[in-house]
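Dropping the structures in below, format is structure tokens.
In the two assemblies presented below, chain A is common to both, partnered first by chain B and then by chain C.
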Partner chain A sequence: MNLHSIILLRHEILLTVAAVGVLFADVFVPREKKHNMITVSLIVFTLVTLLGFIPAQGGVLFGGSYQSSHMTDFMKDILNIAVLLIFLQSTGYLSKPENSWKITEFFVILMFVLIGMDFMISAGDFVIFYVGLETASLPLAGLAAYDRYKSKSAEAGVKLILLSAMSSAVMLFGLSLIYASTGSIYFSDILPKIKATPLIILGFIFFLSGMGFKLSVVPFHLWTADVYEGAPINITAFLSVVSKGAAAFILIIILFTVFKNISREWEWILYALVITTITIGNLFALRQDNIKRFLAFSSITQVGFLLLGFMGNNELGLTSVVYFMLIYVFTNLTAFGVVEAIYNASNVETISGYKGLYKTNPLLSLAMMLALFSLGGIPPLAGFFGKFFLFTAAASRGYYILVVIAALNATISLYYYLRVVKAMFIDKSDNPVAKFRSTWPMRISLIISSIGIIYVGFASNIFEFIYSLAKGLL
Partner chain B sequence: MIQGIPITHILVVSVIMFFTGVMGFIIRQNLIAILLSIELMLNAVVMNFLVFNRYLFPHHLQGHFFGLFVIGVAAAEAALAIALILNVYRRFKHIDPDKLNEMKY
Partner chain C sequence: MANFSYTIYILLVPLLIFAIVGIWGGKWKPIISGLIGTFGIAFILVLSYYAAYQYFFVVNHVGHYKQIVAMNFLWLPFNKILNVHMGILLDPISAMMLIVVPTISLMSHWYSLGYMKGERGFARYYAFLSLFTFSMLGLVLSTDILQMFIFYELVGVSSYLLIGFYYQRPSAVAAAKKAFIVTRFADFGFLVGILVLVYYTHSFDFMQITDPHSPVFRTILGKAFLGYSVLAWALSLIFVGAAGKSAMFPFHIWLPDAMEGPTPVSALIHAATMVVAGVFTVARIFPIYVHYTPNVLLMIGYVGGFTSLFAALIAMTQFDIKRVLAYSTLSQIGYMMVGLGVSRYGGEEGLGYTAAMFHLFTHAMFKALLFLGAGSIIHAVHSNFMQKMGALRKYMPITHITFLVAALAISGIPPFAGFFSKDKILEAAFMHNRLLFWVEYITAGLTAFYIFRLYFKVFWWTDEPQCDCKPHESPSTMTIPLIILAILSSTVGFIPFNKFVTPDLKAFPVETDWGLVSASVAIGLLGLGFAWFLYRKENDLPDKIVNALGKLYQWTYDKFYIDEIYLFITKKILFNLVARPIAWFDRHIVDGFMVGVAIVTGKTAEKIKGFQSGHLQQYAFVFIASVLIIALTVLYFIGA
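Then we have the complex of A and B:
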């Protein structure tokens, strides 16, 4: 363990120190002062996020088990920003009196989940990848059941743990078949031995099914809406933004590096997955009234668009996926922030309950409108540019029919995003959500993410920066 | 290499174990039985790794180590899953997945 390896592992080491430090600090805080742990954790995690931005050279550690590059560092920074925004948003939930005993565990568990994700993104062999994936998914099931006295939350937790264990077993079966045909678990050793033999393709399909579950791609999406509805809102936000982001990042790295020799085969598998994911996500989102289920199906559709960038299979594809994920972090967290603020103030989480929101809470409605327009892909906002580059990546390989289908679906999706906007701005209601002021951390997070929605789309240097990183990785 | 037992014999056992687990996961009416099915699937995977390592690549130990990690993670998974099933039992007074349908469509 020399200085070089400490610098390479800086995200993971910083997070470990922060998580263990917060856990120890909690021991010395008396019971009636536990609410101070919110401020302590927020300050510590802000420091971790800022220190993560320090640039450093990439490299390989532990005989190839851990590989780090500018691209993986940037991915980890995106995840850090997302988690910081979620931490800011969850202060309202945690400062309720019945949640006072949950404060420290909430922050510590999410930080450990983030460590798992960081190791997963930097994995150089399948063991680190698998252990990181499980570290990133198991504790979340506990957090989904965090509202212990709500039956919906208990149901969500047990559904998440059983289905994610099942999907990782399926994924491992695939990995064992790949091990059988290549004789190694290291990415660099597997790469030259991957050929389109039946055994490898079978193993790859098992592997993709397991990852598809984590990403909630359509044949494997059935857990999504139930877990999203039952879990506390900040955990829902974490599942839909950070978990999905990490899974997308490592899947695109593995597909573009380890499995690039069978890209002709997996592109056609993804072709089918893109069409089913976008279409079925759209169709189910049309009929939802619960806003969390609505956002769940909307996030399934967004993952479908994300897979469009995978079809690019070149630097442009990787760039567009990372760029879209950065925008998706800001966009979706704005939406979830507004949902959470309204739920904390008035226990409303249905679209019909949002009627007349503009009259009472104009700023929150504006933030929600920005987020929904960006998700729908209306031009001046960042969501449009994200989708545009994903479409460009797929079109650059000649998948024109797929791009047309996706563009049609993007138009359909406008209908249900605008339905929420209509409920907030146009519909009259006899008893709208009462006027309230959200907490200041919530306001900070909404301001940051709203600025992100507007700024990231216009700042072309961000896209060029990610493109230069992508060239370094591939 | 185990004397007199070809690799296919063991692979047939592990594949049957895996798909028994998949079947059990789908049709059993009890959350604990579903957890057992998952364990069956994971054990089939461990067996696969060990057999491939022993028969095909006996000079390295990568498959053995992967198997060890899978066993370790599976133990953590089982502990957490049982805690969550207990939580469901306290809320609903049963552990029948068919009746856990408060949220649907």
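Then we have the complex of A and C:
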């Protein structure tokens, strides 16, 4: 283990040190002072996030099992930012007395999950990839059941673990078929041997289904709504932003590199999945009243748009996906932050409960409006540019019909996003959410993410920057 | 090379004020919003004066100017050739506008502290004023023609908001809509013009598309569409946009109605911002006009000449003092267009351009003064009509004197500002186009007549005012801006513009044609004298003249029925032949389809609800079944 490999592994090492350090520190903190662990964890993780930004050259380790580049580093940074925002938003929830004895595990488990994701993104073979994937999935089931005395939360945990075990089995089966056909687990060895033979296609479809489960692509999405609704809001936010982001990052890397020889085949499979995902996500989101279920289906639709970028099988496609993910982090975490703040203050988590919110909590309503407009893709917010480049990527490959279908769906999605805005700003309520002050960390996180929503759309150099990274990777 | 990066604050500060006052202004005491706005603009004024000073005297040698890009960042990279920038371009005309816009804006802000006192929506008013200032500054500083278009639209929006400020009044709402729709139509021409131009030049950047030596123009000239070169089409369409904002005939109909807004807004729209946007646009791409499409430039001159005469005629018959001033603005903007239209390029040949910019500059000062003075009068009399006024000189000495200064300035009486600039426009027209010279010469006489008709009717005419009111001088927040503007109106004429603002950025010497000067002063004095003769004291001579003119007077009084023609075309022709069929199609076909889609969507959502049952076994089944279906389908197609 020389200095070079330490630098290459810096994200993973930093996180491991941080996670283990926080875990040990917890041992020495007496029971009645556990709430201090919130501050400690926040400080530690902020440091980890900041240190992650230090630029370093990419490289390969462990005989090709681990590979990092500027692009993977940037992806990890995006995930770090997202987790930091979630941590900031969780403080109010964790400060509740019933959670006081399990504060540390919340932070530590999420950091371990993040380590799994980082390894997954940097995977150079299917074993590291699979181990990373499992490290990033199993602990989440525990966190989904964090409110274990609430039946919905427990149900969410059970459903998540059972279904992800099943999807993992399907994926592993697929990977074993690919191993059987190519005789290797290394990406670089597999790449030249991939041909459109039935066995490889079958293996690929099983692999893709497993990833589709993580990304909640329709028809592999059924777990999403139940788990999102039952899990604590922070975990829902994590599942919807960080888990999806990590899965999308590694999937696009694998599709664009390992499976590029059968791109004709997977592009048509994705073609169908994009249509089902966007459309079904929209149809369900139209009718939801529970805000968490609503955001669950909205995130399914957003994943459908994200897959559109996969269709642009080139640097532009990769850039548009990473760019969209960055925007999605800010946008969705703004929405989840507001939902969390309101839930903590008043236990309201229905859209009808948001009526008249603007009168009592104008700033929160504005932040929520910003997020929903960005999700709906209204210019000049970042969400518009994100979608715009995804559409451009797909159109650059000539998938015009698909882009038209997606654009129509984007219009439909405006309806339900605006429905929430209408509830907050226009509808009157006899019993609106009372005026309250959210915690400081929550405010900081909302300010950061709101600025992100506005700034990322205007700062064209961010897109340029990601584009240069994408050129380096492909 | 001095660093001009601070100029970004000239744009950011008003935007910030707009945001702050717009969001929180309603919660504060009104006066705080007013003070934030006013001091903010004062801050910008200092910055922009400093920037203009640096540009004219420090960075460049007087008389040899360069275009300086103070700030430029890539905003939308479409592809390698075509990308949109946002930035700040400094050259003599934008530096000049940096003086004009903040000055007039500050005066309006200051004046409004008194004029708008106690109005509902005081904070909203100041927020919109800042937005307006921001839009106009962004427009004049644009580095990129698309950036200019964006700010063009912002100017349109903010004028819409301000004209419709008294939204409880139907007439204000109608005027706001009229201004917005008319200029929107013209902007459409502008946009198409931009797209055509950019399609051939492959650049949005002003530095490139206004470079007359650029080889692209030679190649474009060869391309023709319907008998004209595409360049001429593009530039004509861009002029359509400019004509809309500058209210040139036949787009002038929005401007007189725009006085439904508060009077300081009229001052801002008429003097410094919206209407000069068109003139500025033509000046901005002037090198292309003059080198490659002189015919289009000539057309611009004729449109300007016609508008100036036409509007001056209407102004002579109106009784609403703001309407007189509105038509006088049309007429003066026409002058500027004539100046540009008769200008050539290089050395003294560029006199018309210089004169037009000079007139823009002086006009901004005295027109703002006229409007703010009118506001002060209306404030005192509570009426817009001159029949209600008279003898106000006894009650409002400051307003009276400052108004007189402005009237002398617009009439072209030396040494007031308007004389110098108008004389130069006449001189340029005399050199290059005699027809336009005579049109403008006559208009100069009419100008002096109508403005002094207004002056005498308001301040003299009777012994006592004809209203049931007690006129009084306005508070000092209103009179101090008047005094400042009066000082400016009587001094700015002495600025040697030929050293600073020229089409080729190099100074040129001017010789004064004393014959022409005497002639132009003479016609001004003639108009003034005639007005003095008719309106100095109450008498029935004017009515007799009106009766003698009969129909001719009526036509002019009714503004040559242009509004009616518009109404006829829109209501009778467009509405029946185009709008009704479209409405039918929309209601029955489009809506029908959409309702159908909504019903189907709702039904489908209801049907597929069963999938989301919550049963784990079912979820697992759907998952596995989907995987198998996809696999079988794909394998089937690969096999086949």
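Methods note: the second predicted complex is superposed on the first by the 474 of 474 C-alpha atoms of A that agree within 3 Å, B and C clash if a C-alpha of one lies under 4 Å from a C-alpha of the other, contacts with A are read in each partner's own complex, and residues count from 1 in each chain.
The rule is short, and it goes like this: a residue touches a chain if its C-beta (ideal position, glycine included) is under 8 Å from a C-beta of that chain, and two chains touch if they have at least 3 such contacts.
Note that this is a predicted model, so its numbers are computed, not measured.
Colleague: With the two complexes superposed on chain A, say which partner A:I342 touches: chain B (first), chain C (second), both, or neither.
Modeller: So A:I342 meets neither chain B nor chain C here.
Colleague: Looking at the overlay, what does A:A196 touch: chain B (first), chain C (second), both, or neither?
Modeller: A:A196: touches chain C, not chain B.
Colleague: Tell me which partner A:I115 touches in the superposition: chain B (first), chain C (second), both or neither.
Modeller: neither
Colleague: With both complexes overlaid on chain A, does A:S460 touch chain B (first), chain C (second), both or neither?
Modeller: Second partner only, chain C.
Colleague: Quick one: classify A:S176 as touching chain B (first), chain C (second), both or neither.
Modeller: It touches chain B, and chain C stays clear.
Colleague: Given the touch rule stated above, what does A:D226 touch, chain B (first), chain C (second), both, or neither?
Modeller: both
Colleague: Go through the superposed model and pick first if A:R148 touches only chain B, second if only chain C, both, or neither.
Modeller: first
Colleague: Mind working out whether A:S209 is in touch with chain B, chain C, both or neither, as first, second, both or neither?
Modeller: second
Colleague: Using the superposition on chain A described above, determine whether A:M166 touches chain B (first), chain C (second), both, or neither.
Modeller: A:M166 sits against chain B and chain C alike.
Colleague: Kindly list the residues of chain A that each of chain B and chain C touches, one partner per complex.
Modeller: Overlap of chain B and chain C footprints on chain A: residues 158-159, 162, 166, 170, 225-226, 284.
Colleague: Of all residues in chain B, which touch chain A in the complex?
Modeller: These residues of chain B touch chain A: 18, 21-22, 25, 31, 34-35, 38, 41-42, 44-45, 48-49, 52-53, 56-57, 60, 62-63, 65-66, 69-70, 73, 76-77, 80-81, 83-85, 87-88, 90-92, 100, 102-105.
Colleague: In their complex, what parts of chain C are in touch with chain A?
Modeller: Against chain A, the touching part of chain C is residues 73-77, 601-602, 604-605, 608-609, 611-612, 614, 616, 618-620, 622-624, 626-627, 630-631, 634-635, 638-639.
Colleague: Contact residues on chain A for chain B in the complex?
Modeller: The contact residues of chain A facing chain B are 126-127, 130-131, 134, 138, 141-142, 145, 148-149, 151-152, 154-159, 161-162, 165-166, 169-170, 172-173, 175-177, 179-180, 183-186, 225-226, 229-230, 284, 293.
Colleague: Please name which positions on chain A make contact with chain C in the complex.
Modeller: By the definition above, chain A touches chain C via 158-159, 162-163, 166-167, 170, 196, 198, 201-202, 205-206, 209, 213, 219-220, 222-223, 225-226, 265, 268-269, 272, 280, 283-284, 286-287, 412, 458, 460-461, 463-464.
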